[in-house]
Structure formats: C-alpha cells, structure tokens
Amino acid sequence: MPFVRIDALGAGPQRLDALGRAVHEALMETIGIPPDDHFQVLVGHDGTNGTLRYGGYLGVRRDEGLVYVAITLRAGRTDAQKRALYARIAELAHEYAGTEPRNVFVVLTENASVDWSLGHGLAQYAPGPGALM
Amino acid sequence: MPFVRIDALGAGPQRLDALGRAVHEALMETIGIPPDDHFQVLVGHDGTNGTLRYGGYLGVRRDEGLVYVAITLRAGRTDAQKRALYARIAELAHEYAGTEPRNVFVVLTENASVDWSLGHGLAQYAPGPGALM
Amino acid sequence: MPFVRIDALGAGPQRLDALGRAVHEALMETIGIPPDDHFQVLVGHDGTNGTLRYGGYLGVRRDEGLVYVAITLRAGRTDAQKRALYARIAELAHEYAGTEPRNVFVVLTENASVDWSLGHGLAQYAPGPGALM
C-alpha cells in the first residue's frame, strides 16, 4: 500500500534503484509491509527540465545529494513506527546509495482504506457490496 | 477540482493522453465533476531519469504496463462513489489506452475546500471577506 | 517544512527558478516560514515525456502558461493565512516569472507534526524518547 515518490538530483538508474530499495526495506522492517507491497515512482532531476531546491533549515547541512521521499499511506501507524521508519530509511540510504543521513528528507501523507485501488478497479482494503474480493 | 497525477512507464504522448482522458471521464461519470474541471500532470518514464517500481501484492499480476493514478480531491465523496470511480478508471484505461485493469493503481488524498486556489489568487471554494467571487 | 512541487509547461531553468522563488517568498510572507525552510521539486514538461492538462473551470481562462503548485504542510494554518498565501503566490509568480494570475493553480495537503523527517533520520517536529533533538 504505501505509495512512494522519490526525487533526487542527477541520479542515474543505479542510484535511483538503490534509494528505492532503501525506502522499501525500511518500510518492510518498521511498518511491517510485505515484500511485494512495493509501489514507487523514482525520478532523477538533471537540472534542465527539473531540479530541486533546498535550504539549511534546522541547521541541517544539505547539499546536492539531497533526496526527497514522499510516502502516502493509510492512517494508523504509531508515532514510534514513523520514527523508526525515518531512522531506517536514513541508515539504508547511506548503506545502499551512499546518501548522507543529513540529506534524507521524508514526508508522510495519510489517507483511509477506501482511498486505495490496487488493481482490477477494486477498493481492496474496503470491499463493498458486490466486490470481487 | 480534482488534481490528478498520472505516472506510466515508457508512455509517449498518445498513451498519456488516452490515460488522462480515461481518468477525467471516470471522474465526470462517477464523482460528477464538470467537463472543464480538468487538471492533470501526465508523466511517462523512460528508465533513464525516471522509472517505476512495483510488486505483485495481493496476487495482482502487474507488469510494465502499470499506471499510477494519484488524485487529490476535497473530502466528501462516499465510499460507493470511490468504488465506482476505481471501476470506471480501470474500464476506460483499458478501452482508451489498452491498459489492463490489473495494471491500474489508484490512490486518493483528501483535503478541505479552503485548500484550493483555482486561479487569480483566490480560494474559490471557500471565499472569505473581501473575496472577488 | 512546507514541501512544494511545481509543474509547468515548457519551463526552462530560469522560469522554474522564478516560480520557485515566488512560492517560497509567498510562504515566508504569509505563513511565516523562515528563509531556509525551503524544500521544492520544480519540473518543466516539454510535451514528449510529460505534459499538463487543464480546462476552463469556473470561467478562468487558462492557457499554456499554467502552473500547478502542490504544497504539503502541517495542519494549523488559518483560512485567512491560506487566502493570503494564494494571493501572494499569484502576485509574485506574475512579478518574477511573468505568469498570469489566472494561470496559477494551488492545492494544499495537510499532515501532522510527526509526519516529517527533515534529515538525520529524525522526526524533528515530534521528537520522541531517545531522540537527539
């Protein structure tokens, strides 16, 4: 279910792949999603038709290695789970993609069970009358 | 009002256009939005600077034809309307773009009336004191 | 904290930069965010792998100069602040990028304090037990 959008600067396919794996494994470990619950849009911006802007807010020294991770997920995760998720994303982004933890920016947006259709035109998390599953 | 973001793999202008029409007509038919209430960002990813990741979660056999449809809309639609929307998007994506219903992934995010400005710097759905409309 | 995504048609680096500045300064002036609280993804679509769709909804005469501004921010801003934000974005987009106010479309999505990690794997707005800040 989580739907993940990752934006990075100048990231080729290999680095995008590493970042995607970092976020996915962090979600599996801290939120408990299954391995095949994997839905991501990965985009590298080369400065011509797309780019990122950032500041040093809260004293964090960000640079061109910055990665934006935007995750949409169903409401219900605890604050402790979210904190564990952030920590693990930062760890694995460093391990897999060489991204410094200071450069990992994560934002979550929550919605409801009925707000998802995972294929076949169905609302799998909130099946209604006449639904196939 | 709905703001729609569609991401697909290797989709040229024609396929993106067909997918955009599918989602727009489904919104008109099931949610009742007017024809000119049409706001979309359509992006095809070619694997160099952007790509999609996906798994077989819930037993759905997804492949490179996968389409992510992310819709932001005001709160207030019923569960039945949302279910009808998913079913109709899947039908029309198949009819217009040849996309298999198993490859249509939809996620909704709701907000409030005051969270929209549809031009001229105004909050058209929640006009305040001194607003022009 | 606000996380901003701007999508425009055929926008080169200079126009994207001007639009980004317009939105950032409007956020500073009307919402009170500090200058370095600056987090944006700016994308120009050239019609090959990405494009925008739009209609004339509510009688607004939109054209190829259209700009979509999607802002994720913590809940808590008043309706008056949001109205001021829309007005100021439209003004500054015109002043900095030559964008007509009729072509400025803004949508807000709110979340909670614990939904942000601004680096170092921490939830800076909702520090928990054992957090470093």
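Which chain is which? They are A, B and C, in the order written, and residues in each are numbered from 1.
We adopt the following convention: a residue touches a chain if its C-beta (ideal position, glycine included) is under 8 Å from a C-beta of that chain, and two chains touch if they have at least 3 such contacts.
Just so it is clear, the model here is predicted, and its values are computed rather than measured.
Of all residue numbers that take part in the contact between chain A and chain B, under half occur on both sides, making this a different-residue interface.
Taking only C-alpha atoms, you rotate chain B by 120 degrees to land it on chain C; that is to the nearest 5. Separating the centre of chain A from that of chain B, both taken as means of CA atoms, is a distance of 19 Å.
In chain C, the residues touching two or more other chains are 45, 109.
Residue ranges of chain C in contact with chain B, taken from their complex: 7, 45, 47-58, 60, 62, 68, 70, 79-80, 82-83, 86-91, 101-110. Across the complex, chain A meets chain B through its residues 1, 3, 11-13, 16, 20, 24, 34-46, 72, 109, 111-112, 114-124, 126, 128, 131, 133.
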